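As structure tokens, here come the structures.
The two complexes that follow have subunit A in common; it is paired with subunit B in the first and with subunit C in the second.
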Partner chain A sequence: MIDPYYLQQFTIGISLGMVYALMAIGFTLIFGVLNVVNFAHGEVYTIGAFAGIMAIAAFGPPFLVIVFIVLAVGALSGFSLERVAFRPFRRFSDEASLKSRAMREATLMSSLAMSIIAREAMELLFGSEFQTIDISYLINKPISLGPVTIVNGDIIIFLVSVLMLGGLQWLLKYSAIGLSIRAVSNNPLGAKYVGINTDRTIVLTFVIGSMMGALAGILVGLYYGAVFPSMGFIPGVKAFVAMVMGGLSSIPGAVIAALVLGVAESLSTTFMSSVWADMVAYLFLIVTLVFFPQGLFGARRERV
Partner chain B sequence: MSKDLITSAVLKIAILAVLFAALPALLAYLGQGYLYQVVMLALIFSLLAVSLQLVTGIAGLLHLGHAAFYGVGAYIAALAGADYGIGFTLGLPLAGLGAAAIAFVVALPTMRLVSIYFAVATLGIGQMIFLVLQNWVEVTKGPNGVMLFTGIDLFGYTVDSELGTYFVVATIVCASIWVIHRLSHSYYGNALRSLREDDQCADAMGIDTVRLKIEAFMISSFFAGIAGALWAYTTGYISPMDFDFSESILILAMVVVGGLGSIPGAVIGALLLILLPEALRGVGDIRNIIVGFVLFFSILFLPKGLFGEVPALNFIRRQFGSAWQDNPDKQKVGWK
Partner chain C sequence: MTMSRRTTLGLFAGVAGMLAVPAAALADGPVYLGYQLPLTGNTAQYGQDFKTAAEIALKDFNASGKLKVPVEIIFEDSRSDAKEGVAIARKFVDDKRIVAALGDFTSTVSMAAAQVYQRAGMAQLSQTASHPDYAKISEWQFRNITTQAQEGVYNADWMTQNGLKKIAVIAEQTDWGQSVVKDFAEQVKANGGEVVFTEFFNRGLPDFRSIITKIERAKPDAIYTGFFYEDGAQFLKQMKQLNVETPVYSTSAAYNQKLVELAGPAAEGLFLTVTFLPNSESENVKTFVDEWKAARGGAEPGQFPAQAYDAVNIMLEAVARAYPDVSRQNVRDELAKTTDFPGVTGVTSFDENGEALKQLTKATVTDGQFVPVK
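Entry: the complex of A and B
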């Protein structure tokens, strides 16, 4: 019989992993389509959390309404992020400049710059400390299941994430939008030649990815009751780790890696002080990069 | 004697005169401790930006954890001074060597990675070092930071005035930047540039790319460690928050704004990003937001930086003078 304590840590790990998965998918989608890393993804997560608590403070809507508000704000921030930080650097669309390192590094820097601006602006507006949230909205009411005590947030996060992931899979597999996203990520130039509007597809990818990121933000914000301007950095790094472990362009890989990461992190607090738990993710990152450079589930890539 | 050689001598003397005569005279005249801090901060960040330039601009490895090595240097110097009574004379090289040693250990596995993978690996390593600085309370004293009460001692002679500290910092920063300058404008620097342009091609031509990358990373971390020791001794108090990810980004922004690959550009970028927020201090605590905007607009409008690599190289070539002139008497040296 497994000690209930481990079972409990395991459930917490799963819901943590689900949140990382939501974020990692945003990264993976954008990386797949543009071949660049979006460093401002962590700030989309923060923006989502802030949008949610502002909605709560303003008119206290029911939970589902908050979810939709956050999704809308996420979509808007993804759209403007693409406009400001990515489109100006996509002036040329021949194959050489699509694959060039200079262009990748320019968008890397510009998204980094946008993330600094967004974070500092939020710090100026709201202050750097924790925001106060209406207690009744927090999703950490305990539920006992036999010997294991979990909170309702675990279930909500799990359900919402599964719904979003399922929806995304459906979108990618069976809709015209999903088809164009897959085409652009497979071969941008080829997609353009067969008449797909690549700019529109890229915007849509940002919108979808940022919706997921923003939703992860509000879920975590309500789960821990901690919303502050720099909250997005660490989950952003971890989602990135999950994406690298999953093999960069594989969505199921990223989800599995995110779950592994979440469970490992939550179980590691049993053996060491929780301040060192972040170390687990960084160790995973280095070990993956050095020993499994293609990721655990990815297709072979030329060079890493 | 060509005209360029004279300008070169004039330029050198002008820079040294400003650094070692005009600026200290002005500071002593104004006599404010705060201004000394700002000027020394600008000098230290110039050294940090130049040392990052060697790795990111010249060898082309995007490094997102430079502040961690700066922190290692600062902690080694501060702990050696506060806990073991090792003074500045020994603590300074110790800080540089310690940072370089950690860089070597870190570089061995990660130097085979390229482009974004390398950037992410350095991000992870920088965060790991930051976590150790913050949480290894027994040694680093954790988030409380380390107080360093001893002043700078140079071979038994103690420097305790602000002016004296300024001279020590300025001398060490100048000497370090000069070393990196000569290193990057030499055959060795050209080999590093070949890594940036195409490392597979460089490999095929017989350049040991992995070794060169490790060396460049270690040299850069050495000087970051030196800068950290200077920071610890000028402020007298360090805490892990001085070395977090946003500092790495600040240093990177200096390099990008100044111009990737250009040593004078890195200095210009550092001066701009330290002095501009200080000048605008009255507006509020908006230092980082300015950094963000300067970074964004410089990528958008000045992708080559304020003083880009090509003008910088041409400029420095002229400074080297006769080596590049057609001189029938002497054999040619340097780049062709």
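Entry: the complex of A and C
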């Protein structure tokens, strides 16, 4: 018989991991296609959360309506982000520019800049404190399962993650959009030569990835009841670690790595002060980079 | 001879100080005060509150005609960053017009800046720095908040009175959090109780569930917590999520109406000490609360803005007493003489260390309101 204490800690870890995974999915999708980190993903997540709670405050719609509003806002912010921070660096489509690391990595800076601008703007607009949310919308009603307690949000987040993961795998494997995303991710120049509209594909990737990011934001916001302008930062770091551990461009890999991360953090709290629990994530990152430079699930180089 | 950079800086500060005193003393123009506080960054909400409170106090003071010349406050944003705090302190002491400084928000930043004020000889009055060592730095440091040395002992006695023996303690991992644990734990032991669990967490931790589960394994009678209202709301909500019903005691730092707003029913039954209750009957509290509500669209002020309001008023009174000789030394001396100042956070006097002596009130959350415990 396992000590119910560890069972509870394990459950908390899984639910933490699901939260990280939710964010890691969209993050990894965008990385898989462009091969650059989108630093503004955390802010898309925050914008999603703010859009959701503003909708709640304005007219208190049912849960599903909020989800659709958030998805729309996410799509819009993904589209604008691509337009402002990424497209200007793809102005030249000759082979040298496409292969130029400098051109690609300039978007690191531009997305970071967008993330800072968005965060500071939200701070100016809403203040940096937690926003007040109608308590009845929070998804944290306890459910007892024998010795462990979970909340309804755990179930919702689990279902959404499964849906996202499954839907994305289907999209990438069987739909025309998905095939073109994979083609661009594999070889942008080659994809262009065979007649794929690479710009449109990249925009679509951003739209899909950001919709997922925004949805993650509102779900986690309602799960914890904590929506504030810098809320995207810590999950962003954790999603980044999960992505690297999972092999940079494998979405299922990132999800598994996120779960491992969550459980490790939660269990490590037992043996050390929670102040050090954050270090577990970075320790994992270092260990992965030293011993598995390809990531745990990244041995096969097919992306996305 | 080579002069070290430190000596050079020291000389500069010294010269600036010498120049500053006569210039400020002779001025017929406005008297200037400096206020360093976080106006952006993660703790911006506190700094913004202080600013509003200071503006209310300043407006009323200037309108009252207690002083023939107007007083002005120069606000500088420290972002709760110790490096910024020191830079601002240097800027303030180099500004010949400024006679005294208010702030900063956190103990860490206030203590870093205090080194500069101490060397230059300028009074520093923090509305919130509650680390035990802050006021001891030099004769130039003052504060308008009860310390954990006072609150911790008071809370330990309160919990002993209620028959709680085995106590778990958690606090944020800051200078302040350390002092919450230390002074409380000592008094619990002195009262014959036992601290069965101690842990620190990083401020802004989103998920307390692992810690709560760990606390529950130690089976305490009660949990004593050193957190601010946002962490507090998360902690209380997640206690409820996990169906944990151990009573929670906290310090005045958790006292904020926003705590109840964020945590909802989960905040019910939280015990804490306060020095300010906005629904108090006294006249000056009513005035402050009304003006705050007018400035902030109807929201009630928490304890921190009230402390900032009192701190600014205490400073303004000291300036008024020092007038017309408004030198840095003289303002400091008048500040030290503050006795029985009738503030909104209770009657306040400074002891010989610049420590505020205040009356503490026991409170609890009932039906979404902070009410005094009889």
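Keep in mind that, in the parts below, the second predicted complex is superposed on the first by the 298 of 304 C-alpha atoms of A that agree within 3 Å, B and C clash if a C-alpha of one lies under 4 Å from a C-alpha of the other, contacts with A are read in each partner's own complex, and residues count from 1 in each chain.
Everything that follows uses one rule, which is that a contact is a pair of C-beta atoms (placed from the backbone, for glycine too) under 8 Å apart; a residue touches a chain by one contact, two chains touch by 3 or more.
This structure is a prediction, so every number in the text was calculated from the model and none was measured.
Undergrad: With both structures lined up on subunit A, is it a clash or a fit for subunit B and subunit C?
TA: clash
Undergrad: Between subunit B (first) and subunit C (second), which, if any, makes contact with A:S110: first, second, both or neither?
TA: The answer is first: A:S110 touches subunit B but not subunit C.
Undergrad: With both complexes overlaid on chain A, does A:V290 touch subunit B (first), subunit C (second), both or neither?
TA: In the superposition, A:V290 touches subunit B alone.
Undergrad: Looking at the overlay, what does A:I218 touch: subunit B (first), subunit C (second), both, or neither?
TA: In the superposition, A:I218 contacts neither subunit B nor subunit C.
Undergrad: With both complexes overlaid on chain A, does A:D278 touch subunit B (first), subunit C (second), both or neither?
TA: It touches subunit B and subunit C both.
Undergrad: Figure out whether A:I251 sits in contact with subunit B (first) or subunit C (second), or with both, or with neither.
TA: So A:I251 meets neither subunit B nor subunit C here.
Undergrad: Thinking of the overlay built on chain A, is A:I202 touched by subunit B (first), by subunit C (second), by both, or by neither?
TA: The answer is neither, since A:I202 touches no partner chain.
Undergrad: Who does A:A121 touch here: subunit B (first), subunit C (second), both, or neither?
TA: Touch status of A:A121: first partner only.
Undergrad: Taking the superposition on A as described, I'd like to know which of subunit B and subunit C A:I12 touches: first, second, both or neither.
TA: Touch partner of A:I12: subunit C, not subunit B.
Undergrad: Clash with subunit B: which of subunit C's stretches 24-32, 42-50, 78-86 or 240-248?
TA: Clashes with subunit B appear only in stretch 78-86.
Undergrad: Show which residues of subunit A both subunit B and subunit C reach, each in its own complex.
TA: 120, 273, 275, 278
Undergrad: Considering the complex alone, what residue numbers of subunit A touch subunit B?
TA: Those in contact with subunit B are residues 37, 85, 88-89, 101, 104-106, 108-110, 112-114, 116-117, 119-121, 124, 233, 237, 240-241, 244, 273, 275-276, 278-279, 282-283, 285-286, 289-290, 293, 303-304.
Undergrad: Mind listing the subunit C positions that touch subunit A in their complex?
TA: 40-45, 48, 173, 199-202, 204-207, 209-211, 213-214, 217, 230, 233-234, 237-238, 240-243, 258, 261-265
Undergrad: Along subunit B, where are the residues that touch subunit A in the complex?
TA: Going by the criterion above, the answer is residues 62, 109-110, 113-117, 119-121, 123-125, 127-128, 131, 134-135, 245-246, 249, 252-253, 256, 284-286, 288-289, 291-293, 295-296, 299-300, 303.
Undergrad: Taking the complex as given, what residues does subunit A use to touch subunit C?
TA: Listed in rising order, the residues of subunit A that touch subunit C are 5, 8-9, 12-13, 16, 120, 123, 127-130, 132-133, 135, 138, 140, 142, 144, 149, 151, 224-226, 230, 234, 265-266, 269-270, 273-275, 277-278.
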